[in-house]
Amino acid sequence: MRSPESIADHPETLLARYRTVRATSEAICAPLATDDYQLQSITETSPPKWHLAHVSWFFETFLLKPFDPDYRPFHPRFDYLFNSYYETVGSFHPRAQRGLLSRPTVEEIYRYRAHVDAAMQRLVLECSEGDWPALAFRLVLGLNHEEQHQELLYMDVKHNFAVNPLRPAYFDRAETVVSAQARRQGWVDRPGGIHPIGASDNGFAFDNELPRHEVLLREHRLADRLVTNGEYLEFIEDEGYGRADLWLADGWFSLRQRGWHVPLYWEQLDGVWYEMTLSGLRPLSLAEPVCHVSYYEADAYARWAGARLPGEAELELMLADQPLRGNFVDAGLFHPRVAMAGDGQWFGDLWEWTSTPYGAYPGFQPLEGSMGEYNGKFMCNQMVLRGGCCVTPQHHVRASYRNFFYPHDRWAFTGIRLARNE
Amino acid sequence: MRSPESIADHPETLLARYRTVRATSEAICAPLATDDYQLQSITETSPPKWHLAHVSWFFETFLLKPFDPDYRPFHPRFDYLFNSYYETVGSFHPRAQRGLLSRPTVEEIYRYRAHVDAAMQRLVLECSEGDWPALAFRLVLGLNHEEQHQELLYMDVKHNFAVNPLRPAYFDRAETVVSAQARRQGWVDRPGGIHPIGASDNGFAFDNELPRHEVLLREHRLADRLVTNGEYLEFIEDEGYGRADLWLADGWFSLRQRGWHVPLYWEQLDGVWYEMTLSGLRPLSLAEPVCHVSYYEADAYARWAGARLPGEAELELMLADQPLRGNFVDAGLFHPRVAMAGDGQWFGDLWEWTSTPYGAYPGFQPLEGSMGEYNGKFMCNQMVLRGGCCVTPQHHVRASYRNFFYPHDRWAFTGIRLARNE
Amino acid sequence: MRSPESIADHPETLLARYRTVRATSEAICAPLATDDYQLQSITETSPPKWHLAHVSWFFETFLLKPFDPDYRPFHPRFDYLFNSYYETVGSFHPRAQRGLLSRPTVEEIYRYRAHVDAAMQRLVLECSEGDWPALAFRLVLGLNHEEQHQELLYMDVKHNFAVNPLRPAYFDRAETVVSAQARRQGWVDRPGGIHPIGASDNGFAFDNELPRHEVLLREHRLADRLVTNGEYLEFIEDEGYGRADLWLADGWFSLRQRGWHVPLYWEQLDGVWYEMTLSGLRPLSLAEPVCHVSYYEADAYARWAGARLPGEAELELMLADQPLRGNFVDAGLFHPRVAMAGDGQWFGDLWEWTSTPYGAYPGFQPLEGSMGEYNGKFMCNQMVLRGGCCVTPQHHVRASYRNFFYPHDRWAFTGIRLARNE
Amino acid sequence: MRSPESIADHPETLLARYRTVRATSEAICAPLATDDYQLQSITETSPPKWHLAHVSWFFETFLLKPFDPDYRPFHPRFDYLFNSYYETVGSFHPRAQRGLLSRPTVEEIYRYRAHVDAAMQRLVLECSEGDWPALAFRLVLGLNHEEQHQELLYMDVKHNFAVNPLRPAYFDRAETVVSAQARRQGWVDRPGGIHPIGASDNGFAFDNELPRHEVLLREHRLADRLVTNGEYLEFIEDEGYGRADLWLADGWFSLRQRGWHVPLYWEQLDGVWYEMTLSGLRPLSLAEPVCHVSYYEADAYARWAGARLPGEAELELMLADQPLRGNFVDAGLFHPRVAMAGDGQWFGDLWEWTSTPYGAYPGFQPLEGSMGEYNGKFMCNQMVLRGGCCVTPQHHVRASYRNFFYPHDRWAFTGIRLARNE
């Protein structure tokens, strides 16, 4: 992780960014009823109120306690309740039981946030020059961390609402014209050879994007947009979920064990396909990108389509050539949109599964101390995804950004881009 | 089930009772934060808001819909969400997922209750004379049903709070003098011979208390109070949880699988025993009755003590000789209390495990239609408990009342009374 | 347990019986391939070779070690491997892992048996007069114990073979005329009143049959034969497995969880019903008694048929009036047979589910020491069955004999007899 | 997969090799009792008799049926019983239930093998010239397949014996001098740059070793021998299994869930460490390589040692520089041995965990038809291991050979070689 420019930043500047990020988390929760804050519909998700508390715990643990000798923790047990997985910090509440905490109440958690915010403001403004570089580094890390949890909030609320037979809506979306057609998919030729990947010098990056290093690629081609619901429906109608030869062995096992036969949020009512979205149940748009598919489904679809998934380096190098814009959370749709002319859907819309298992770059060094648990310890059994999605803040991602999920995970905003060797 | 007197009641009288029962359920929830309403800490418990809705669904399903042709259900899906287990009424939301419903919100459920209450008032006041007996019968059943859920509310809230590392209190109890001594336990001689058990003619009774019939008993003796924490601690300190010869085979399996070594809500901090109560964590009183033990623990304790548990008929016949008073919910303690001189703890304090598996009385007839699912289908694998407890309304129980739980259940207010053959 | 007459027996007489019982166990295994000896197809069953060793361990543990100071155990670890569940004797190999022991080999276990047999012969012949009563008591217990395992051998081998897609046969049965008709079922009127049940004075009985005591019954009627496959098929075709109102709640749960839709060993091939038997797969005879049903199925069938299951006392009193004969293992069919004129199927054919949970008789005293674990600790969550079956030795059962299985168990030779109140 | 030289081979030559491979499988089983043939101690292992049958099924399915129109299968259901995982061939017996098949007996399976061998001999000798290349290709594949199962036989028998409290020995090993010291570990400097990996032109290779392609490496160092038991014991004594910071998150979860605290086959008796081997329980040699560790343990050890695991390309390139010799099955030890002077343990001894997730090489093409299920569908969630082990036939491996196991697997002969960047 590195944030050279941040360290150079003036405390006031960073403090303003702090306020914005913190306010954004709360704004995301504004449409929720108190009832919605506590739900954990699967072990992988967390209750919204837990997210709100945990990101505050991060500032408390990695900034306030080390840098402010006078800091008084809000509550002696929050250390236990809101530590996510930092084994080296201390014991923590089991992940699967985050939904069993009716106390602290939502109201208390907002007071906890205010307590932390006040202390953070003091800390930043009164920081000594000697402490500033280390503190600024951790502050920027904390803000990026909170932005990641903002994305999780959208994902998790969607899942929480989707398991409810009432299929509630997080927000009311204006009726969209679902008749839009996606443009025809073409291919972009990409060169082989030796290329650098990984975070470049300017700006913040997580430790897992480093060190920048060279990779050797072969010539290949990338699809110039994401796979659509209509295309994926063809796969389904061609018995895609019934043909073992299309699937990885572990994928076939998941499919049978979990009864997969469509993407996560699809359901059929009276012969019509619907999709659960953050604006409730909507008729499925065939033109929109297919989303909430596992790696196994993406991989099987690609095999069925006579293609493959891109490698993470292939995708990063393509992203590095693109302007950083797309359908991000800033657009307010919270859903991928139809690929129109000129839109390659490179950034935004959906996190794109790559065929690359999440691992360490050669020479990788985790952060020192407990922050070293941030990324490195997850470098096994997960797959890399790239490009950000419709609930990611635009400024949060970059070409070198590495997201990762287990191959069976489906509740993230994930999609499929095809690739080919020739 | 039978309620001859109720049918003779004037509608206004029953309506007054309806209002009281309904208000009581809401009063029980008054100390809860909105956050507390949705928690389901184990599959056996239900979220408070689910209880509040389900008891209303009962009136809606068994009274409003059959008797009021103009009744408009509050919400088309509540039938699915708040049916508990009535397979013959229709499909229902899986029990284990009751805690996953953030919607309807608590506020909506209170509106649902008001909607049902208004419709019930109309129904009762405008009921034809011809319908009245059937309607009155179901109304009284519905009220008894809601009272049962009131008791469940206390049990479930206690469990929900106990899994929370903060150990919150449902109410603040005045400091009790924990130095009280329980009086010495003596024995009551009870005669053998043929005796009638089951509900007698006067007053409401559930179908499982009928028909009244004769049983043949042998002479025996019953302890004249419940087993105390202090006595149970001796069992623990005598390696009671480590001696397989004291346990039923299934009990020993449960003990090892679940890691039991003390009653459900005990914990030791710095060498001192504490007990989670509805008023939070309190130092264990050795004089108070031991509670939240499973049948297996009660049975093992009795064996260790050289005694046995009473049969349900033995206990019923004793209860029938006692005045209907004791430490019920009306006392406002929500916890069993020390047995003082003259207090046999026959009614109230704790549901007493009997050695009798829950089954049908000879000639048992379940209620007709879906109401037949109320009791009869549970007559397997559970054990009978008698006498009511500290969260039961006093007027709700009677000598013939049969409660039942699985032998491994511990979250109810259960306790131990010893018996002997000689 | 009591065996007054045995104690009076001459050692030579008992020794002859010992030899017969021991030889019978080995004869039962004669048709098995070495491969068949080690299989444990479900946790409830045991590998044949484990049965052969365990019954020898019983003699070793309860007779040879206590009574013969010079006895040299065959192998130091057999104590651990072949103790079934006697917690007070010492630790033992987990039940679920009995099928994972390829060693000792079958050949070694036969040598173990011979070693025990030789030592037993010495022990019996050289026993002092003072030791004889205690030793004879245990010897008779050990023989009854081995006879119980003989029955388990048939049950377990049947299950082991049934899970094999090849559906092997344990023995070749001569083609039976399956066209036989069962006679029409009638009812036997039975009186109410006070009656004694439990083991009477003459002959061996297990501790759970004691003490003999009086029970109070109501007038009732018992079906004069078992329910047939044909009758049960009507239940199936009437959607018996699809109607929740017919089932106990726990039964309905089992049915859905395990996918029950027919009795354990039925399967349909090309529209024809077959039944797995110890002589392999055979077309289902509609006239034969339905077997391998759980208590839940028996109970649901009875409810569907407008009847109920008998209580254990009702059945015992009827059995006490019948001659002790029927289709036992001695007949060599290893399968229930069609009820012909004059055959009430009271004894033999199938263990009959009763509606009585297995529990202690009033005044029950388990055997002293580790043998006390024989019966008493299982007195919870199981149901009593009566009358013996087609793989029980005729002399092994009696009217007061109490068998017991969990209500979901289906691999025993269990059947259904109906009862009615009027 | 490719086997150019084999196709050129004369049928007689290949047939001789066929006979050798087939005889070797049976020789491996010679020390087994009939009882040992049927055991499946965990889902991942298979009973020896299943291995013997499955490899024959492979020849039956992929050679005899397609090439010999007159071939009569030995048994109509063996297709179902002995298909391992070829979904496109047809349905198959569930993996977890392979241990539940007492029939066919061991004797029948040997007859099955003889039947297949006779048919194979005919097929090879009478094959038309036109068919020969395709047939020879599949024959060589089948022989390599059977060799893989030979290795599995050793692994699985070891596990089957290790779960037995008697700790039986597969063979009696002459007493080894366990006082041998391993030489001091040094480092081999390895160059960076672009290098080719993957199977080269000469000789058989599996499809997953192809296509040969270039990789870009950085300079690095490889340990010149495997990690020893003594070194690993230091890790244990330094609380290696108790320090979460050393472990991947999934590894830490496995460790806690499965209770890992030593390698798979270690146990401590009276304070002395022992290790289960194919010659039974032996005192742990501190000088021998540590074996039967999971990827998670290998990775945690490397982190503790301030090093890392090698990448698969790094190891392949090193192996390509080494002579193909080492402690293979041919040595008859069935256990890794102490690294003496000059022995880098590059080939043989133990499969070495690499840090590389098992995936497709760029341009990978699975075999056509059902044989395409051989390797490709497992390219997810597993890690690559290199170099062969002490139960691998020497001629079976090569520098490009890719073995793969799940990161939690421990029953294979796996070990640890360290690497460093500098």
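Note that the chains are named A, B, C and D in the order they appear, and that numbering of residues resets to 1 at the start of each chain.
Quick note on the criterion: a contact is a pair of C-beta atoms (placed from the backbone, for glycine too) under 8 Å apart; a residue touches a chain by one contact, two chains touch by 3 or more.
Since we're looking at a predicted model, the values are computed, not measured.
Shared contact partners of chain A and chain B are absent; no chain touches both. Of all chains, the one whose mean C-alpha position sits at the greatest distance from that of chain B is D. Centre-to-centre, using mean CA coordinates, chain A is 38 Å away from chain D. Centroids built from CA atoms put chain D at 59 Å from chain B. Chain D has no residue in contact with two or more other chains.
Going by the touch rule set out above, the chain pairs that meet are A-B, A-D, B-C, C-D.
Across the complex, chain C meets chain D through its residues 33-39, 41, 49, 77, 80-81, 93, 97, 99-107, 160-161, 163-166, 168. Listed in rising order, the residues of chain A touching chain D in the complex are 85, 87-88, 194, 213-216, 218, 244-245, 247-252, 295-296, 299, 355, 357, 359-360, 362-363, 372-373, 377-381, 407, 421.
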